[in-house]
Amino acid sequence: MQETISFTPQLGTSAITGILWLIPAVPILASGVIALLKQPKRRTAATLAIGSLAFSLILALIAFAHVLSGWAHGHAVRETLNFTWFQFGRTNVDLGWVLDPLSAVMLVMVTFVGLLIFIYSTGYMAHDENYTRFFCFLSLFAGAMLGVVIANSLLLLFMFWELVGLTSYLLIGFWYLKPSAAAAAKKAFLTTRVGDVFFLLGIVWLFGDTGTLLFYNSGAGSIESHALLGLLIERSAFGLSAAGAIGLLIFAGAAGKSGQFPLHVWLPDAMEGPTPVSALIHAATMVAAGVYLIARVYPLMQAGALAGGTTTALTVVTWVGAFTAVFAALIAVAQNDIKRILAYSTVSQLGYMMAGLGMGGVAVGMFHLITHAFFKALLFMGAGSVIHGCHEEQDVRRMGGLKSDMPVTFITYAIGMLALCGFPLLFSGFWSKDGILEAAEHFSVSKGPFYMLVLGALLTAFYMTRQVSYVFFGVNRGAKNAHESPTSMTVPLGILAFFAIALGAVGTPAWPWFRSFLDGRAATLEWSGFSEPGLAALMVTSSLVVFLGLGLGWWLYGNRSPQPEDPDVLESAAPVPWAWLRDRLYIDEVYTATVIAFYGWWARVADWLDRRVWGGAVAVVAWAFGLWAQLNRFLDTNVVDGSFDKSCEELSTGGGLLSRMQSGRVQTYLRLLALAVVALAAILIWSSRA
Amino acid sequence: MNPLTGYLLVAALLFAIGLAGALTRRNAILVLVGIELMLNAANLNLIAFWRYGPHPELLTGMMFAIFSIAVAAAEAAVGLGLVIQIHRHAHTTDLDAMSRMKG
Amino acid sequence: MIEKADQVFVLLSHWLVSFLPSALQPAAAVLLSVVAIIVTFPALFAISVLLERKGLGRMQNRYGPNRVGPFGIFQPVADGVKALIKEDIVPFRADAVVHFLAPVFLVVVVFMGYAVLPMGRNMTLVNMDAGLLFFFAIGASTELSVFMAGWSSRNKYSLLGAMRAVAQMISYEVPLLMSSVAVVMITGSLSLGKIVDAQNRYTYGLPHWYVFTPWGFAGFVLFAIAAMAETNRSPFDLPEGESELVAGYFTEYSGFKFALFFLGEYVGMMGISGLAATLFLGGWSAPFSWLGWVPSWFWFFAKVMLAMCIFIWVRGTLPRLRQDQLMNFAWKFVLPLTFLNLMVAGLWRFMGEGWLRWLVCSAILLLAYTLMGRNGMRSDHIGPRSYRYAD
Amino acid sequence: MSIVFYVIAGLSVAGALAAVLLKNTVHCALALTLAFAGLALLFLELDAQFAGFAQILVYIGAVAILVVFAILLTRGSETPHETVYSRNPLVGLVTAAAIFAVLGWAVLHSSQALPGPAGTPTAEPQVTVMDIGNALMGRYVLPLEIVALLLTAALIGAVIVAMHEKEAAR
């Protein structure tokens, strides 16, 4: 009877927590070393990066095992190690790191997927001249991401957060000679900044109210009950509690990183970066950082929620997530760039996660995050392998019939695609998405999100089928003599494919191991989990939806291989909405027309002010000083110098007289000295006489 | 007469002789020699005062003399080194010729 | 009886002095011992010269002098007579006074050194408190006589030899002094008598000579090297290198003055040997406790003669150094080692009894010796030759 | 005042005079050593054994040799033909004489004030080298250190000053 085991929160720190900081530190150190390497030292660089991350993986596994054993013995392990960074006044700013199921799981995922992607990159980037720089950035990114994961202080998290942003900027703009890449990098950086500003506001607010930024500090942490009470009492605008407001601000930051609806624009463009980067940053880790952030501050978001009820913050999260899911899926339908399609699907999946967090709680969202990390990384790397095989061709319409040319890639890609679509029972994606849908169904506020998510699922299945049939089926259009990728790329694909299937096992309703692990409850295997009311129906529904999407996609695109020139099937059917979708619903254009235009205007105004107003003032001052200087000069030349010269002449004449005595002969001086001595002695004796 | 007086007189005489040498010889080395003599005279004074002073067991004068001997050695080394260097540049040790520093 | 044999000379002098009025007795005693010294050591000088000539001869596969007297043992006498009756030549341009003073000064100074050597129990001429210092002070002034000789001869060979000799003596005087300072540190006294007493103790019949301690052994070796250089003996005999400068600073000397120089050199050697024996070999103390019945003075002179034999042996064995090698060796090898030895002696003094200090001190010294020998003294580290070809 | 004192004093004064007056520089140096020796003897006469030997060791053993070396290195060993005195040496002589006059006057003038009853030397102090060593390591350890530093600096300085410039040597 495992229920008898009481899950007491265990707080103390163990050895592994003491050295937790090594996990991010080692890759960062490695990147520093690599940065010092010379360009041709490719092998060393790769070895360093992979070795450091492997080390982190081992540590992460140890930590995970520690947490797991604690959990098996019935403790909700939450070990923190905090220290004071600096102190002003009486408030001191604390940093620290935490080891609890959430961070443990995340650590393992990031290090594992990251390691696979590193290995993959050695093959993918083999011909790139800036190989070492690439690995320098990669491991710096990995370190930063791991830092985000282990941070126990919102401040520390924010630092690593910004570091992640920086590295993503560097990696997206890795081929900075391509103007599009440079632009994309800038765009990603600026867009995420918008979110981060709100995030920072939230941090400051939280610090102002609770006086600490530590998450958990044995009761004194900022998101532990005591502080939360204070936050709940305080009211802020729109009838929000301070907790809610801060939660929303933080969510803005998360939305920026995770490409939620208003701030999603950077993510598709980020595909300008090398494919491993896309896989690492824009599928597995960085975009997940936003979700992870929300999961981390979940108590804050949830604060004040009645049993089964929800809070404003969570509702907002849910709606944004759900909307993003559908919206991005819609756009994905009409894209032709293989990576863009995946990018939009990522956005929509992130929407799923957000919605899952908003409705179902940490476990639901995180589960989807983990599974998604695996199969989306798989998809991206498969896409990379395809692009590699087709000689940097990215347009799906110029591919086709690759299933015979690159079988491994095809099989793994198919697995990833099915997982993403949520193909029933077999694949991890199904279970995680199912959890979200279930949560959505029980959502108290409204049924809207549920229907939106179902629609999203349909669209997902549809566009993925479209892409796959474009890429792998039909006859090859363009991209002659496509070839399979090297093993260094295919092996990771295989491993990821395995996990894309296997991970589902830990999240089935029958055995919700993952959820109970995160929530710190005992996991029991009871088949009755399936026979919960409505669950079966839900599963059937989602399966049907998925089948519908697949079938629709296959009926429209399967095995017919249109030439790149002639219009898409849907386009010929409904040109106008197609054009809308193809042009990403003109979000970018809207931004260009509103925000950017405004900034341009404002810049011009500022420029005008500079030139006319401030410039004029400066000119006047300068003129005045010039006048003053003239006056001084006049005084100098006529008054000061005159007297000075005269005195100097006096001095030099006097010196001339004196210098007569300076014959330059030592002995003359000695004689003078001796005479002086004589005189002195005589005086002394005389005085003593008297 | 008082033995101390005798020593002091000898010291004074040596000092005067050394000074005379330092003042009148034109060879830089001999000027240094004179200076050494003066130093020795001073040492003699110190020792004499130590010997006939009220507290010889304190060894003050003796110590002073020993230290001054050490310092004199250093002074001689550096001084002669300088003389050699000057000779290397000006090819003379004649002090009257070395009046480059005159004002 | 044994005491009588031991103190025979002391008793003798007492007996002789006792004939004089008591007012003169101290002075007379001193005078007597001075005379004794002045008689003894030239005799030893003669013996050692013979020894050297015959020994070198053997080493070079030839008979030494073997004509005068049985086995040529009267050779020194013949040499002395020859030196005395030879014409005394003084170069025309030479500075006659200095030229004359140089050998006299040398001999006087060299003999003065013996004043403080304890040649046996109660057989020290002046047992002064700063005996060691006195010895070195006197020894330092031999350089002056060498210079006088070289300069006054108005001969470039002499001058070069003198300059070399003086430079070399100054260079090696420092390690000589430093290596004996170690002994002073351990004994805690500058008086040679006290130093000998400190070594005149036995455990299991074995003496406490300083040479039987790590620092003492190192110090002894360094002292020996420095002593050879100090006395311009081979392999440090550049100042009188026949192949380069006819005979060094006494090229222009002949006859009696030459003999004086010769005497001075050997007496100096014996003096320094005596000092070495006193400092490291336990002076007049017997090598084994059960040999205590042998008169102390015998041991002293035995040790001195042994040292002389070593001098001769080395001369017959080693080739001559080059000037720059000589200087490098002095300043880059011997001097640092002596300083290190000084510190090791301090360590020895403060580590207390026990086997540990033996281990540590020997280890340090051995390590230093190997390292410096490897790195400091490798031939490519000797540096460029100090002279240049005439081009 | 013992006869020994007068002899030694005369010796050293004579040496000093010779060192100052002789024409040949090397003779001057040798005479200087004579003066040094005399002074050392005076020290011994004053029961300052250690100081006396130190005097011999340092001055005769080192300084005199240094002077001689310097003379030879500066080719000053041959007697110069023109005068060895600098211009108007009389001034120097007068000055030196004046100094002697003043000092002697001072000594004689204050001879009554001097410690110790006239004529009888105070009991000779019993100082062993051990005492000196203790004093050096105890009361006078700071001066000792400073002197050590000074000597080191002087050594280095002398070497650097007298060293051949490399380009000159080439």
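Labels A, B, C and D are assigned to the chains in the order they are written; within every chain, residues are numbered from 1.
Here, a residue touches a chain if its C-beta (ideal position, glycine included) is under 8 Å from a C-beta of that chain, and two chains touch if they have at least 3 such contacts.
Owing to the predicted nature of the structure, the values given are computational and were not obtained by experimental measurement.
Asks: Could you let me know which interface, B-D or A-D, is made of more C-beta pairs in contact?
Replies: B-D
Asks: Roughly how many whole angstrom separate the Cα centroids of subunit A and subunit C?
Replies: Whole-Å distance between the two chain centres: 85.
Asks: Subunit B to subunit D: how many Å between their CA centres?
Replies: Here the centre of subunit D sits 6 Å away from the centre of subunit B.
Asks: How many angstrom lie between the CA centroids of subunit B and subunit C, rounded to a whole number?
Replies: Here subunit B and subunit C have centroids separated by 33 Å.
Asks: At which residue positions does subunit A touch at least two other chains?
Replies: Expected reply: 665, 667, 670-671, 674.
Asks: Mind pulling the residue numbers of subunit D that touch at least two other chains?
Replies: Only 50, 54, 62, 69, 86, 91-92, 95-96, 99, 103 qualify.
Asks: Chain touch graph shape: choose line, ring, star, complete or other and state it.
Replies: Drawn as a graph, the chains match no named shape, so other.
Asks: Which bits of subunit D are touching subunit A when the two form their complex?
Replies: So the residues of subunit D touching subunit A come out as 86, 91-92, 95-96, 98-99, 102-103, 105-106, 109-110.
Asks: Show me the residue ranges of subunit D that touch subunit C in the complex, using the header's touch definition.
Replies: So the residues of subunit D in touch with subunit C come to 24, 26-27, 30, 33, 49-50, 53-54, 56-57, 60-62, 64-65, 68-69, 72, 77, 128-130.
Asks: Can you name the residues of subunit B that touch subunit A in the complex?
Replies: Contact set of subunit B toward subunit A: 19, 22-24, 31, 95-96, 98-103.
Asks: Under the stated contact criterion, what part of subunit A meets subunit B in this complex?
Replies: Touch list, subunit A to subunit B: 655, 658-667, 670-671, 674.
Asks: List the residues on subunit A that touch subunit D in their complex, please.
Replies: 665, 667, 670-671, 674-675, 677-678, 681-682, 685, 688-689
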